[in-house]
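Here come two complexes built around chain A, the first alongside chain B, the second alongside chain C.
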Partner chain A sequence: MTRQDIENEVRDIFLREFEVENPELDVNLREAYGFDSIDAIDLLLEIEKFLGSELTRDEKKQAMDIRTMRQIIDYIEMLAEKRHAAQG
Partner chain B sequence: MTDRRVVITACSAISPIGHGRDKIVESLQKGVSGVKTLREDELIGRFIHSRVYGTVSDPIEYDFKRQHRKTMGPVAYYACQVAEEVLEQSGLPNEFVTGGRLGIAFGSIHGSPTVQRDIYKIFLGAKDKETYQKIGAVDYLKSMVHTTAVNISKMFGITGRIISSGTACTTSSQSIGFGYEAVKYGLQDAMLCGGADEYDTITVAVFDNLLACSTAFNDQPEKTPRPFDRARDGLVVAEGAGAVMLEEYEFAKKRGAPILGEVIGFACNSNGGDLILPNLEGITKTLQLGLENAEISASEVDLISAHATATKMGDIIEAQAIGTVFGSNPHVVALKSYMGHTMAACGVIETILTLYMMQENFIAPTINLEDIDERCAMVRHVQKLIEHPVTTAAIQNFAFGGVNTSLLIRKLT
Partner chain C sequence: MAFIRFFQHIGNFCLMLILWGYFLFGFLFILLFLFIPCYLLTKNSAGAIQKLFHLHMKFFFNLTGRLIPRTTYKIDPEVCALRSSVIVCNHLSYLDPILLVSLFPRQTTIIKKTFFQVPVFGWFMKKAGYVSSSPSEMTGAAMINHLESIKTHLAAGGNLFLFPEGTRSRDGRIGPFNKGVFSIARYCNTGLNLVYIQGTDKLFPPGSFLFRTREKNTITMELIATLTPDYSAKNFSINVIADQTRRIFEQKIAAVKAADPDRKI
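Let's turn to the complex of A and B:
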């Protein structure tokens, strides 16, 4: 899974679930698109589906400081690498 | 602080006889019923004996943003729509709306049954974690009993107090009453008050099992309910929503707001006993307390909007209570005859319809009242549309659980 794959998936999720088309990478999602706490919970569920594995409570807590698209992509990349390493 | 006067500066209703003033007034003046055949629900509908429902038929074009829609079930759509219309109609500036001196009193009888039904389907079908996860983060926000009030607060940024009564048929009459008290005693300068309920067959099933629903007119829905009529055979469940804006009088006057009427009194009490049966003593007391609160005599009331659901005993008890307290002077109309029982919305919708009659100087008849039950005959029923000024009106509502309310409103002259 490349970083571009992740970005494409996140953009799909934003369009499908949050009706946000092509969100900018570095803007504050709350300020720019009204992305709120409920959306954040829904996003975590979508990330679990995308990764095909459940997030731990600690992993979910790590997501609490996320504010931008780039941070979401970084976060998923980190989770994917962690899972890949665990499998390897 | 001296008690402050409280006026109504805007109102809007979504009802089985229309959405908005013009359509509703036309329906009242032409005697149009909003009762239709019960829709199939692919669940319990086929077991229900009562096949009629007060149905909102006209499509509503909602224009709500996604961040609001995601926490709304059908009941909140109704609530937010009438709230939006009332806020717009009132002309209150945004800085006031969001400033903390405007509160909300709004409720429904049990949140969103449509959403609850979907949650139960997941619960009952849950076999693995994936199924469990279908219960969304927002399902509770859509279905909870105060979903109408908080979705309104979120959508319009209203930061004042929230009151969300859920007392069945007195839900929205309490909303107006508690909102009135909040403004009267200076706790808020304005209150957006109302109630809503969505299309729901479970409510029909509940009343049907209690033998309280109409079943004899399944083939002629518009012929039921029949309040005070000898052939009445029970209530008709309905859907709808209504909202009113209450404001402190001087504040409303100063800003040049349209004043539709004044709330001059409110009473609420409990029967303190049986939770289902109508209670003559309790209801009579409510009507007396309402007059005392308004500091007026019974003879000053010229129109009564009766709760009158068209159950056998309920109508008799109410007519007796009206007869005892008011005599046979005021005209009595049963507005549920047009649309059935809109549950949490009935108090506010009946208040709004009364305001329309006040403004237009007419009194709508109780439709389907063809042969007055002699046990209900001690009051002055309206059987034909009459042109008549209405200055002071009482709107009374009584709920399962033994909760009673009486609201008194007056035309500002």
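Let's turn to the complex of A and C:
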């Protein structure tokens, strides 16, 4: 899974779930698109679906500080690497 | 006529005093005395308080039924049998959540911050594991903690009842939905049971502290649909589920209206 794959998936989620088309990478999602904590929960569940594994409580809590698209992509990349490393 | 109306108002006022007196005394004394043993003797004190709430509200409606015989209750047995469920309801009156508590021994909900600020009552609600909808409780790590405890509550057989409109309808129509309700159900990987409430606003209307005792009224609670969304489906969307739920409630209201055109919805 490349960083570009992750970005494409996140953009797809934003369009499908939040009706936000092509969000900019570095804008504050809350300020620009009214992205709230319930949206963050939906996003987490979509990320679980994308990764094919459940997130731990700590991983979920970590995500609650995310503010931008770039941070979301970094977060998913980190999770994917973590799972890849765990698989050996 | 004015003379009779005056005595009706006096009667309503006395009933209000008895019912809300019982309601408050229950919290202040009965629960307070039972709370300490519950807290000391049970492992799950939140669950024990929920059961106390349930018994207290059950007696409250028993008393209401005796004092206001013109109001009858028709509760769908399927509603009473619900367990481990996310229950989505329309909202007409402050009686709605109380009635739901009287039906389920293990129950939780998400409520406005203002209710938590009420002395004693707010404290009990917090101890019962009810969740405040205030931004401080429904953001960040606190929200994850609350959602995880709701998940555990549902897994243990408890119910979560929610009002997606967030506030009481003044005309019986369905107001705008907060889609957070559906996100919570999804987080808990639970289906949705849609319960339609009727008549509570006739007994205890919004904007009044008096019970309407003279009017013939039937309070009904009916399970109108059970939705089991496939949350893992690629094309799953919260918006679709929220729209579907809304449509089901609107169809129900239209059917009720068609069956009795004179009824004020």
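By our rule, the second predicted complex is superposed on the first by the 88 of 88 C-alpha atoms of A that agree within 3 Å, B and C clash if a C-alpha of one lies under 4 Å from a C-alpha of the other, contacts with A are read in each partner's own complex, and residues count from 1 in each chain.
Here is the rule we use: a contact is a pair of C-beta atoms (placed from the backbone, for glycine too) under 8 Å apart; a residue touches a chain by one contact, two chains touch by 3 or more.
Because the structure is predicted, anything quoted here is derived from the model rather than measured.
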Which superposed partner A:A85 touches (first chain B, second chain C, both, neither): neither
First, second, both or neither for A:K61, with chain B first and chain C second: second
Partner chain in contact with A:G34 - chain B first, chain C second, else both or neither: first
Contacts of A:L45 with chain B and chain C, given as first, second, both or neither: both
Chain C-contacting residues of chain A that also contact chain B: 19, 38, 41-42, 45
Interface residues, chain C side, partner chain A - complex: 138-141, 143-144, 147-148, 179-180, 183-184, 186-187, 231-232, 234-235, 237-239
Touching residues (chain side chain B, partner chain A) in the complex: 65-67, 70-71, 129, 133, 136-138, 141
Residue ranges of chain A touching chain C (in the complex, touch as defined): 16-17, 19, 37-38, 41-42, 45, 49, 57, 60-61, 64-65
Residues of chain A defined as touching chain B within the complex: 18-19, 34, 36, 38-39, 41-42, 45, 48, 54
